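Note that subunit A is present in both complexes that follow, paired respectively with subunit B and with subunit C.
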Partner chain A sequence: MQFVVNVAVLGAIYALIACGYVLVYRVSRVLNLAHGELMMLGAYLLVATASGIGSPWAALGFAVALSLAVGVLVYLFLMRRMTGEMVLAAVLSTVALGIMIRGVVLLVWTASPQYPRAALGWDNPSLALPGGANISFFSALLIGVTAVVYAGLFVFLRHSRWGMRMRAAGQNPLLAAQRGINLHAVFALAWGLATFTGAMAGMLIALDSGLDATMVMIGLKAFPAALVGGLDSLVGALAGGLLVALVEVGVIRFVDPLLADVVPFLVLVAMLVIRPWGLFGTREELDRV
Partner chain B sequence: MSKPLPHVSGCMRLSYGDEFRLFETRISRLAAFGFAVVLAMLPFVASPFVLDLATQVLLASIGALALMLLTGFAGQVSLGHAGLLAAGAFTTGILFREFALPFWVTVPAAGLVGGLLGLVFGLPSLRLRGLYLAVSTLALHFVVVYLGAEYETRRGFSTGILIDPPRLFGHEIYAPREWYFILLAAALAALWISFNLLRSRSGRAWRAIRANETVAAALGIRVARHKLYAFVITSAMTAVAGALFALYRGFVSIEAFSLYLSIQYVAMIIIGGMGSLAGALLGALFVTLFPYGIEATMAALPGAGRLAGDVFAVNQAAFGVVMILFLVFEPEGLMGIWRRVRDWFVLWPFRARLPGRG
Partner chain C sequence: MALLAVENLEVVYSRAITAVHGVSLSVPQGAIVAVLGTNGAGKSTTLRAISGFLGLDDARVTEGRIRFDGQDIANLPPHRTAAMGIALVPEREKVFPNLTVAENLAAVPSPRPRALMDTVHDLFPRLAGLGRRTAGLLSGGERQMLAIAAGLMGAPRLLMVDELSLGLSPIATAELADSLRRIRRELGLTILLVEQSAAVALSIADHGYVLENGRVVLEGSAERLRGHPDVQEFYLGGSAGGRRSYRDVKQYRRSRRWYG
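Right, the complex of A and B next:
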């Protein structure tokens, strides 16, 4: 039973992070390799607001709003300049952004672990589930948030005006622009939402188990989840997250815990060999370098 | 024609022999000679610190040249360069530790392992392009690093593998000056190999593949074979660089081969300028010296003692900023700047630009 719970928690983490990769890729065909760092930055923003603002809920809300703003700013100041450049150049600029964020985070908050939960004055009770399994409160919350975020994204993309614009921009940017859709606004929104969901994941993980620079690795391991599901499919990100989590927890349990950091990438390689466009993704030809 | 004419008026190639000459004009011959003299004199005038820096630049330039061939000319993106360096270093370390094999066995063996890994890294390239290929090399990087870490823990070398100084012709290579010349020879060999590969059939095939795979195939180029060649050759070069790194340091640890190292190599070819061997060398120089430059700058600032703990972080942040600046404002890298300066002098006193450059 504990096994199922572990898979669900890890799957929820991966899925929540992976939807950020999917949002950006689906709308602008850019692979955001700074997503792990942006997620970590979101968690550190919570650390900052937790120590600066008295009320815990205000601190949380402020940090979430800030992370949304960070995503939009990243688009406005960096990625907007990369539109029309080679795909590789755009991806590498996200890599460079990631390195920069890592340096800044290290400079501002040092390498020692932070515990925003303690600063906010919350505790993290362990909940007993039927079947003798345990789950910590914030892990359960994380599963709930993932469900809410995905439900929200589905409704948003299918029914809202801006969601429809995002889908249109992803399908055919030229036609979308001709129909009067402001592509820059759509892209900025996608970056904002991606950073927002990533930062939510980062904050919840930090609230659950503390935070240091190794969180980037979690973000990077969520990338195979996005790709296994299909880089342009939200359902895929959910399925991919669960699949990667299942394999990872299974390998840790039955084979070798040391493999934990490699398993997602092995799944990734296997997927690239069998079905490069992922479980639910659309087949496409990629540009040359 | 396999290479552009030199930027000197009145230089023409009159025979087939002229096509194959390394240095076509007297100026370039003089410049190469002067450069060779400077490189040869350096260890006799430089301080040990500068000599170590020079050696590091030489090591980095081998890897940068290999990556430039792969990405800058053949157009295959790789984010797993550190994995190949690690493979070379670990092959050397393991062969030395377990079997006490000499230099002349371990280094070629590292090249062989690198070549085999290159085949593995390259196989996805037959099916995947662009981003997906980059991602698959990223995944292989993690696999190689995992294998290295696994070996370290299984054999109880959890802090790393120590390697004794190698013996060459019955002489123990230990002095920094000797290492400098060995690595200089290796770097020059890498440059020479790259240069000749580029003007051979493979080099032309790579450029055609980079320009357009479908057209290349239509022209009768065996795309799959030449892609694999590119991966195997450059991976072998990189693994040899890794092996030399291990022998030079006398120590191998998996910690040294992080994803950050791969990114640094990619940064070298971008900062240097894609599609140019000289760019790879410039990029290796720039990226290797960059952290020392930052450190020196910070030491010169007021309150240096207080800042000392932040050097690593500042370094990383500044490196990211510089990489972004190059990508956004100077996508052709240092070579782009050099070309502009040269054009300015070539065209002086006219302010026109050479056609084809915006």
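Right, the complex of A and C next:
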């Protein structure tokens, strides 16, 4: 039972981060290789607000709002200028952005571990589950938040006008522009939502077990999950996250824990050989990648 | 005053190939104007220049002016021309294939979404019953209806349709032509129609232009063009004085190229 719980927790982490990769790629065809760093920045924003704002809930809410704003600002001040340029140039810009964020984090918060939960004065009790398994409160919350975020994204994309516009812009940006859809607003929204979901994951991981600059590795490991599921599919991001987590937890338990960081990339290589477009991705997307 | 006035338009692709040479068109408010011509005549390039799509094809308006309601719109991007009230129904890729019919319509930013949805359902009753159908699974005629309906959702003042009849059956084409007449009559919209089929275009247009090799070679009222011997021979498939020889045809084309 503990095995299942561990897979669910790790799968939720990967899925919550992977949906950010998918949102940006699906709408603007850009691989955001700074997503792991943006996730980490979200967690550090919580560290900053936790020490600066008295009320813990206000600190959390302010950090969440800031992370959404960071995503929008990244689009407006960096990625918007890449419109019309080669996709490679946009992808390389995200690499540079990631390096810059890592530098800023080290300069501002140093490499020492940070514990925002302690600053907020919250506990993280262990919850007993049937079958003798245990789960920490914030791990359980992470699974719940992932479910809520995915349900919210599905409803938003399927039933709201802006969600439909995001899907339309992802399919045919030229036609979307001619129909009067403001592509820059749509792209900025996608970047904001992607950074928001990543930052949620970063904050909940930090609340559960603290954070330091190596948190970016979790974001990097979620990238194979997005690719395994299919880079243009939200369902795929969920399935990819669970699959990668299942294999990773299995290898940790039955083979060697030292292989943990390699497993997502081994799953990715296997998927690229068997089904390069991923579990739920569309075959035509392959050329665009 | 004309709602749309194109004056001596010149369009160059890749800074090397001139596709449109000094084309001038006038589209009066409330009129249906047809632009006729064969493949490569410059019809679609002219339409793309008006709607702002040229920059995406590495092409630019290098000479002339495009004025919409008195404002110069040459080289404006597509979302700006759309915001000014110009809707384009492109020749291909005219709907979002993975969205349903209802989503295709709802995605368009509209000043009066409910009223305009009722209007397009009144114009195209078939679409009302296809709301949940994925647009990629529609027939060619239904797609064309959906594309026109989506164009109308933005409450445009000028509707431009690129190849209304392309790939459609005569029955579907006639149905769409009737819809365009209703759109002009009931909504008071101005329509610019680019079409290879002169029979279709001249049956609904008030005025027409014939383009060849990027130049306007003929213009006039639809009635006059329908009776013009060159239009009859080269676009309507008939000839009052018997069939001309191939040499005559070549001579006609040459003379149009030299003097057009």
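List of remarks:
The rule is short, and it goes like this: the second predicted complex is superposed on the first by the 284 of 289 C-alpha atoms of A that agree within 3 Å, B and C clash if a C-alpha of one lies under 4 Å from a C-alpha of the other, contacts with A are read in each partner's own complex, and residues count from 1 in each chain.
To be clear about the criterion, contacts are C-beta pairs under 8 Å (C-beta built on N, C-alpha and C of every residue); 3 or more make two chains touch, one makes a residue touch a chain.
Computed from a predicted model, the values in this text were never measured in an experiment.
With the C-alpha superposition on subunit A as described, subunit C and subunit B fit side by side in the combined arrangement. Contact with subunit B, but none with subunit C, is seen for A:R102 once the two complexes are overlaid on the shared chain.
Applying the stated contact rule after C-alpha superposition, one finds that A:L73 touches neither subunit B nor subunit C. In the superposition on chain A, A:L272 makes contact with subunit B only, not with subunit C. In the superposed model, A:N172 makes contact with subunit C only, not with subunit B.
In the superposition on chain A, contact is made by A:L88 with subunit B only, not with subunit C.
Residue contacts after overlaying the shared chain place A:L183 against subunit C, while subunit B stays out of touching range.
Of the two partner chains placed by the overlay, only subunit B lies in contact with A:D261; subunit C stays clear of it. For the pair subunit B and subunit C, the model built by superposing on chain A gives 10 Å as the shortest CA-CA distance.
Residues 31, 78, 81-82, 85, 87-89, 91-93, 95-104, 106-107, 220, 223-224, 227, 258-259, 261-262, 265-266, 268-269, 272-273, 276, 285-289 of subunit A are the ones touching subunit B in the complex.
Interface residues of subunit A facing subunit C in the complex, by the touch rule stated above, are 161, 164-165, 167-168, 171-172, 174-183. On the subunit B side of its complex with subunit A, the touching residues are 71, 75-77, 124, 127-132, 134-136, 138-140, 142-143, 146, 149-150, 153, 210, 212-213, 259-260, 263, 266-267, 270, 310, 312-321, 323-324, 327-328, 331. By the touch rule above, subunit C contacts subunit A in their complex via residues 51-53, 56, 77-79, 81-83, 87-88, 90, 93-99, 103-104, 106-109, 150-151, 153-154.
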